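The data blocks that follow each hold one structure.
Both complexes below contain chain A, partnered by chain B and then by chain C.
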Partner chain A sequence: MTVVGRAWNRLSLPGKLFFTLAPLLLVTTIAVIAILVIFGQLIVDFLAANLPIVRFVVAVTAVLLMSVPTAFLIIYMEMKVIALMNLRLGPDRVGPYGSLLSVVHGLKVLMKEDFTPTGVDSIVFTLAPVVVYLASVMSLLVIPFAPGLFGQDLNVGLLYFFAVGGLSVVGLLMAGWSSFNKYSLLGGLRSAAQIISYEIPLTLSVVGVLILAGTMSLNQIVLDQRGSFLDWFAFKQPLGLLIFFIAATAEANRTPFDLTEADSEIVAGFATEYSGMRFGFFFFAEYVNVFIMSALIVSLFFGGWTAPFDWPWPVHIELNPGGLGIGLLILLAVAPVVGTLVLAAPFWVARSSMPAWQALIIGFVLLNLLIGLGLFALAFLGWEWVVGLFWFLGKTYGFVFTFVWMRGTLPRVRIDQLMGFAWKWLLPASLLNLFVTAGAVVVLGR
Partner chain B sequence: MTIPEVIPIVNVRWDDILFLILATVMIGSALLVVILRDIIRCGLAMMVCFGALAGIYVIAGAPLVAATQVLVYIGAISVLVLFAIMLTQTKAAPARLVFQTQAVPAALAAVVLAIIIALAVGSTDWGAAGTRVRTATDALAKVLFQQYVLPFEIVSVLLLAAVIGGVFLAKRDEGEPL
Partner chain C sequence: MSQLVPGLGLARGMLLTLRRFFEPKATIRYPEEPPEGSPKFRGRLQLLYDEYGTLKCETCFQCAQACPIECIDMGGIDTKNRYHIHWGPPETYGERRDESALRRSGRPVPDPAYEHFGPIDLAPVEAALAEYDYDPKNLLPILEATQQAYGYLPVAAIKHISNMSGAWYAMIYGTASYYGHLRFEKKGDREQAAAVAASRPPESSYRSALQAALMGGAPVEDTTQPPAANKARGSSKVRGSSKGRGRPPRAN
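Up next is the complex of A and B:
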């Protein structure tokens, strides 16, 4: 055996991985840089000339990619928050405060056996989770995240949202029927009945907002609520907000309306026969739906990405690093070293037991943190969309928290109470809201 | 350098290609609705057909009609049809029975439908229909609620009557067991 072979055998698994991946990464990087240098200008010109198409493709990809981390985040939030409400610890093993547990969950779901029971209609069985997930991801496309940061500004945005969101019912029915199991079928029918019933008050309660805003584009509705928090539609449409919130809870299958998958009482409803990643798609879609419903409540009633008070930013910051000339180079070379030393000094002085290298590491980490914070603050102050995204996500996760809170607090309703409530109370209330809003607009003007 | 509006070699516009694809999907799935032996799959193929039609509406510049198509035809009507089938039929039951029991009325209906379609195609000015206009929501609302408000209201009353009739038929008598 050669020297290289012996050295290779002595490596641990991570070492082997590193020594295979590192050269590969190096070669790829060089190739990409070379391609960029040679064809870069051409590519940029081509993309810039076809900006609408590029924008659309990027938006679709971004929406698809962001849906999975969103689901992970909400799953972790639910585990941790409900645990704290139940006086438990919740996830605390994987990652800091157990924050990587949902990633491990995802990997576990990926590695499970993808089982197809006998007698199922395999095409429909496979397509059902795809339809459900697709409906969730496609409805993300019209939500305005920040000024200029939205998938597509459709002028029928809200109608598109409800149309595409309604497709998930088809997926549920497909899953329930194709499983070849009467409990799955019953579960699918139950959840379809629930979602169809609650879609009607959900859609009707929004019509009041539409009358006030005079447009169906979600972006325009958000722009209409600019100013202080008194301009939010929540104050002009309190009944609409209440109905929408209740119906959205039922649409997203959350407690107290989570009869579709009442985890402590029945089997998993339409998803009984599903395992592995096919089940994972249903699971993810449910949590993406929680995010979407919260985002829609925020966009329609709580001003979307607008700030609740007169926000003095963005300010225009004059930064011209090139003006320093050769000083910039010296600053770039010296600043990290000096910064690390300065930040490490107090630790080294204050704790005599700490070796110098530990203090240096602490200083380096602190320096990076400071620089990161500084950059974030600059972006926050200087770019409107960073501020907008900040407010939007803040408000949205506030509502996600409310949904989680409700799950930790409220008991579940019965199926007859659920259906009766939708048809006998929510529907008349949303019609009343519609008539009162229309009358008020006619009498008072918009 | 933008992507040319006409595909270079075959000399076809991009939206024509899209239209052809959608039309193929639509006709193919419409055929599947008739051909497939499994009634639920027929229903699902019907949804695909409606979805492709919505895509054609988008190409024709009527996004509102497309969204309504998806909302009403896929989200409500097809789902209700599937719902009814699933409630009344199990997969183990013979699905064959529902087919081909009314060949003569079906043939008559097909002939009448073909004549109506032929008349409609013959009387349309295709040169004017070819130009693509984007219909804005408010323009549509103005036409619907000013010019054609009476037909609109009549249709609403008709639908309401149908709903009340359905409720009346499905209502249980007093004291009748569940």
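Up next is the complex of A and C:
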């Protein structure tokens, strides 16, 4: 045995890992730097030439990353809001007001065994959650979050949305069929029947908006509603809004139309045989769907990221921190300490029972809050997209709350009522809405 | 109404849950927030001892009187060291005085052959009670009539009044002891004691005679208390310390 071999054998497992990875990292770093130095200009030119593709990749990554915290937030909202409506307290142990409980749920799902039952079609079984989740996340791509903040501004954005959103049915059917379980298959078929039925009034109710806006790009539709809140399509298309809302509820598999995973009837329907993170994907997709449907309602009928009214007192703040010179450095060094002390002083003076360190902590937290608020206010004034995101998310979470509120209130409908309602009421109503809108446009000339 | 307008029922349900959303919640976070007990709960009942190891309880019945759910029943001795005053619902009291209950609790079991108080003819009490309709509101006339019949208020008569009228013995005893003209012993007893005391030569005469025999001097004026009285008080104190715990001492 050579010297190197003996030395290698004496190493512990972490040591072996370190001495394998460290040279590899070193070599990779050097290689990357070398490539950047030699081909840097070439790479930049290449990226610039293929900017749409780069933009697409970045947007997809961002949307994928965004979907997880969104799902966490909505799951937490659902637990907390329904609990409050049931006169319970809901989650209150993990994090402030239990807000980290959904994260804990996610970690739990990650750590569970990923079980594949005997007799399943393992390829389809594995792919089904991926299809469902991707269908949800991909539809996020065309939604305009703020001016200039969207994945892609497709001129057939709405069509793309419904096409990709409809893909989730395929995923649900795949899950139901491949599970090798009668009940899962029933759940999958139910969901297919339901979603296909409701897709028609959903799409037809939007056509009225399309006629009014004259475009299928979601970004353009939002831009059309700019102005005061009276320009929103909700006031021009009230029937369309109602139909769209009902159909979107069914499309997102929410109460009262959550027959596909009716917890009390068929055990989670198509997801019965799933466990671990594969089930987690179905679960996440459901909540991302809630967000997407709310976002779409807001974009189509409630003006998207546009503010409901213009701020009557325009504010302009001219800040030039560089003008302070060396004073800026001193300010940066001194301001936090002084601010903490100043904010802590009243608490320390007012309550003699409070020790100084508690008052200091309170002062520090208050200072951070103040600075955060100030920065947000500055950003709100300075950047258009912050304003847009503020209004967009505000409206969207308002609708998310409405979905959760409905889940806390309404009982589940029967399957025949569900189908009858879609075909006998929603479809004629959406057709009526379409014809009336078209007639009005023809008569009044837009 | 909700049948006539489609969606009205939905809207009312939604408003209901929205109202619930803002209402106070029913959950109690138990280990951090102890739940509130019943409004009538007053804590655990306990008799306290002083630093000499004797009960602090004075048998004043104030706790039993104030108890909102009447769960306190207690016994004690009267001014003659007789263990028979009690306060409490008759059914509870009787149950706790039950022989098996006493045996289980380790207290002495009363001898059934033991006659607690001298038997008397109850006819005059019964007549007085019948005259005043067995009503405890007319307690004073009943007691006065009883005293007129017997010359004093025998314990057995008071017990009979308590049984027949439903008033607690302690209340009747309290009423009777409040009025000066009602008494618990025969009128003759006190007169006889006074007569005996009057016929005896005074204590000081013995002392002066003793003094004269020992020293041959003049008789000394009596200033101290007679030692016999001190002794008697001490023994009664010892008996009093066992109040409510031991066997009721015989009436003296």
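Just so we're on the same page, the second predicted complex is superposed on the first by the 386 of 446 C-alpha atoms of A that agree within 3 Å, B and C clash if a C-alpha of one lies under 4 Å from a C-alpha of the other, contacts with A are read in each partner's own complex, and residues count from 1 in each chain.
The working rule: a residue touches a chain if its C-beta (ideal position, glycine included) is under 8 Å from a C-beta of that chain, and two chains touch if they have at least 3 such contacts.
Predicted model only: the values in this text are computed from it and were never measured.
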item: Which superposed partner A:Phe180 touches (first chain B, second chain C, both, neither); value: first
item: Per-residue contact with chain A, leading partner among chain C and chain B; value: B
item: Contacts of A:Leu167 with chain B and chain C, given as first, second, both or neither; value: first
item: Partner chain(s) touched by A:Leu410 [first = chain B, second = chain C, both, neither]; value: second
item: Partner chain in contact with A:Met85 - chain B first, chain C second, else both or neither; value: second
item: Touching residues (chain side chain C, partner chain A) in the complex; value: 10, 13-14, 16-18, 20-21, 23, 25-27, 29
item: Residues of chain A touching chain B in the complex; value: 45-46, 49-50, 53, 121, 124, 154-156, 159-160, 162-164, 166-167, 169-170, 173-174, 176-178, 180, 182, 185, 188-189, 192-193, 196, 199, 215-216
item: Residues of chain B that touch chain A when the two form their complex; value: 1-3, 38, 40-41, 44, 47, 63-64, 67-68, 70-71, 74-76, 78-79, 82-83, 86-87, 90-91, 136-137
item: Touching residues on chain A, where the partner in the complex is chain C; value: 81, 84-89, 92, 405-406, 408-410
